[in-house]
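Alright, structures below, take your time with them.
Two complexes, one shared chain (subunit A), two partners (subunit B, subunit C).
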Partner chain A sequence: MTVAFAFLAGMTLVSALGVVLSRSVVHSALFMSGSFLGISGFFVMLNAPALAAFQVLIYVGAVTVVILFGIMFTQRPQVRRYRTIINRQFWAGFLVAAGVGAFLAYVLSAEDWGGTKPGNGPRQVAAFGRDLLGVSQGAEVFTLLFEVASVLLLVAVVAAIVVSRRKMGQGIDRGVRE
Partner chain B sequence: METFLHLLEIEPIRLIISFAAVLFLVLNLAAVLTMAERKVSGYIHLRYGPNRVGPRGLLQPAADVFKLFTKENVSPGRSDLWVFLGAPIAMFIPAALVWVVVPFAPDAVVADINVAVLFFVAITSIGALGVVMAGYGSRSAFSLLGALRGAAQMISYEVPLILSLLGVVMLSGSLSLVDIVKAQGDTIWTWYFLPQLPMFVTFYIAGLAEVKRVPFDLPEGESEIVGGFMVEYSGMTWALIQAAEFASMAVMSSITVTLFLGGWQPPLPFLDLGNFNWVWFGIKTALIMFTLQWIRWSVPRLRMDQLMDLGWKVLVPITLIWLFVTAGAMLIF
Partner chain C sequence: MPQQVQQFLHALVAAPPLNGYLVVGAFLFAIGAWGALIRRNAVVIFMCVELMINGVNLTLVAFADYLPNAGGLGVSYAVLVIAIAAAEIAVGLAIVLAVFRSRRTVNVDEVTSMRG
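The block that comes next holds the complex of A and B.
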């Protein structure tokens, strides 16, 4: 268990460092998928296979691929210099990161975790789904969040159409005319 | 012998040995499918196909593997070496990993996880990453074009693929492939391909696009971009990409069989073979794989816009409508 944890933590951290420090944007995106895979490994260790599958499906399978797709469409392969990576905002960024880290460490260590053990959550997928949709006894706030997220996606889709549509009388109009 | 058999039931040993067996199966399947592909193409073209090595050319896979092992592994001078070499691995591992949740016979499954359908969808979605890596790592225009086509195609067809699974999940009320197979019963007319016929067809077509086989082989596009994302590969790396392609084709067939065609269930109750029901699983999977090869030599390649139209304007609406029909039918009956 400890060995697996050390392996996953090392994989996540090294990949995360790779995202920040690698000189090519494509390498950063690939390192990011490694980091996401490490996190899904943590979910498996915590007896939450559904969350692990969602992590892989959404972050590795969709987000990273779309990011790579965008990079390859918009730029030619190029190399960043370390001067641009470690720029003038180094100390400000370092302070913010250290502050957030210290705050999280304080909150998480001050919290009384009591008898919490990995795997105590609802492992049944059906119960998990009911909790998420608010039809069980628990809090119903997740239904609202679910709907808000879908509205956000709708806005994004409409925005994509508006941005990508050609204006009238500009270039070849191959899209749908209003 | 008894103690040895008991040893096989202890948990980590069972998992490791069964996973090694599945990996062995996948690698050999890829070799055999390569020969099957050439033989089927031969008979469809009214010729013999490979017939020099062994009786009727049956030992051709061994010769192919030996040739590929001894070939030099060339990489382009300007290639991004780590990405270039990592891409075949990133394509092969997902294709081999999905076999972990496929039930071969009653109680014969490597890992019966309760979210197996989700696992299948998640793992297949990584495959696009390997294609993008291969295209970028090669640093060649044809590779990049192929990879862009591949990524666009695989992301688009994941939508109808996932939506067409939902009908089966609704009918069986479970995300575990073992439960889904059990719920389908041992007669041919209780399998899910009849009540879910539009979903079955959609899943089959989307699966065909997901494994990049012929009417949807734009990422490879031999006649226009000379092999697409795999144009720079040679020797073992090329063999690994081919193995990944054939393994994912076999995975897609086996998942089609598991979800819609009753998995290891016999077609009629008196044909039940007990523990040997894997024979039924094998026969059905082989039939589906044969139809995939049949299509390859019968249907011309789609254009990019036709591909996107088929995915978004035909398959997605069909699955959405049939989801409503299924939900309504479940509400009434």
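The block that comes next holds the complex of A and C.
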């Protein structure tokens, strides 16, 4: 377990650094999917195999593909020097982020969480589904949250269509009559 | 087999402590914040925001598995967070596409029309 933990932690964090520091945007997207794969491995270790499957399906599959589409539509060939992809706050941003990370890590590991032991997660998919739908004891609020999330997804789909729709006579017109 | 080797093997197969997961989540959040601060490309900034969301998700699921009184509900919260992040990425990329169509750039330093 410790070996798997070390491997997954290294994979996740190194891929995250690759997202931030790689020159090519496409390489950033691929590093991002590697980091998400590491996180899904953590979910398997944490007794949430269904959530790991969701992570692979949604993040590694869907979000990466959508971002690659975004890159395909918006990138022009350009000089890939660090001066052109990173703004002037490189070291200031590093200091801020390192401060945030060190502070969070210190607080989270200095806190006494009481009697913690692994194995409390809903390993059974049936129990997990009852939690998610708000049927089980103490999870009633998830009935409301589930419905709100479904409405939010519908609104997001409509908003994405409306925002990115091409208006008549604006922008690039590749000879398509509307 | 010597005592030390046995202890080492025992530590190797034991479950890692809760703090390990929390520290990995905190560092993932920090790396994402760094990228969101320093990169110029709007699409890469979205990727870094996704990294931050994943760090928080890891923390939620670790708490759900390790704290006895959490009832495992952190996993359900993580599903909701994934749904909301997917909605955010859809709307955000639509906005990036609209900005690129009118400005021919996705560089956030050059899109300054809302600066006061």
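The rule is simple: the second predicted complex is superposed on the first by the 142 of 178 C-alpha atoms of A that agree within 3 Å, B and C clash if a C-alpha of one lies under 4 Å from a C-alpha of the other, contacts with A are read in each partner's own complex, and residues count from 1 in each chain.
As a convention for this text, contacts are C-beta pairs under 8 Å (C-beta built on N, C-alpha and C of every residue); 3 or more make two chains touch, one makes a residue touch a chain.
What you are looking at is a predicted structure, and each value in this text was computed from that prediction instead of being measured.
Colleague: Put subunit B and subunit C onto subunit A via the superposition and say whether they clash or fit.
Modeller: Pair status: fit.
Colleague: Once the structures are superposed on A, label A:Val66 by its partner contacts, choosing first (subunit B), second (subunit C), both or neither.
Modeller: Once the two structures are laid over each other on A, A:Val66 reaches both partners.
Colleague: Does subunit B (first) or subunit C (second) touch A:Val26, or do both, or does neither?
Modeller: In the superposition, A:Val26 contacts subunit B only.
Colleague: If you stack the two complexes on chain A, which partner ends up touching A:Leu152: first (subunit B), second (subunit C), both, or neither?
Modeller: In the superposed model, A:Leu152 contacts subunit C only, not subunit B.
Colleague: So, A:Phe54: does it touch subunit B (first), subunit C (second), both, or neither?
Modeller: Both: A:Phe54 reaches subunit B and subunit C.
Colleague: Tell me which partner A:Ser164 touches in the superposition: subunit B (first), subunit C (second), both or neither.
Modeller: Touch partner of A:Ser164: subunit C, not subunit B.
Colleague: Among the partners subunit B and subunit C, which is in contact with a greater number of residues of subunit A?
Modeller: Of subunit B and subunit C, more residues of subunit A lie in contact with C.
Colleague: Minimum C-alpha distance between subunit B and subunit C after superposition, to be given in whole Å.
Modeller: 13 Å.
Colleague: If you lay the two complexes on top of each other, which residues of subunit A touch subunit B in one and subunit C in the other?
Modeller: Residues common to the subunit A contacts of subunit C and of subunit B are 50, 54, 62, 66, 69, 73, listed in rising order.
Colleague: Can you check the complex and tell me which residues of subunit A touch subunit C?
Modeller: 1-3, 5, 9, 12-13, 16-17, 19-20, 25, 28-29, 32, 35-36, 39, 42-43, 46-48, 50-51, 54-55, 58-59, 62-63, 66-67, 69-71, 73-75, 84-87, 89-90, 93-94, 96-98, 100-102, 104-105, 108-109, 113-122, 127-128, 131-132, 138-139, 142, 145-146, 149, 152-153, 155-157, 159-161, 163-164, 166, 170-172
Colleague: Where on subunit C is subunit A touching in the complex?
Modeller: Answer in residue numbers: 11-35, 37-41, 43-44, 46-48, 50-51, 54, 57-59, 61-62, 64-68, 70-73, 75-76, 78-80, 82-91, 93-98, 100-102, 106, 109.
Colleague: Per the contact definition, I'd like the list of subunit A residues that touch subunit B in the complex.
Modeller: 24, 26-27, 30, 33, 49-50, 53-54, 56-57, 60-62, 64-66, 68-69, 72-73, 77, 123-125
Colleague: Where on subunit B is subunit A touching in the complex?
Modeller: 80, 83, 113-115, 118-119, 121-126, 128-129, 132-133, 135-136, 139, 144, 147-148, 151-152, 154-155, 158, 175
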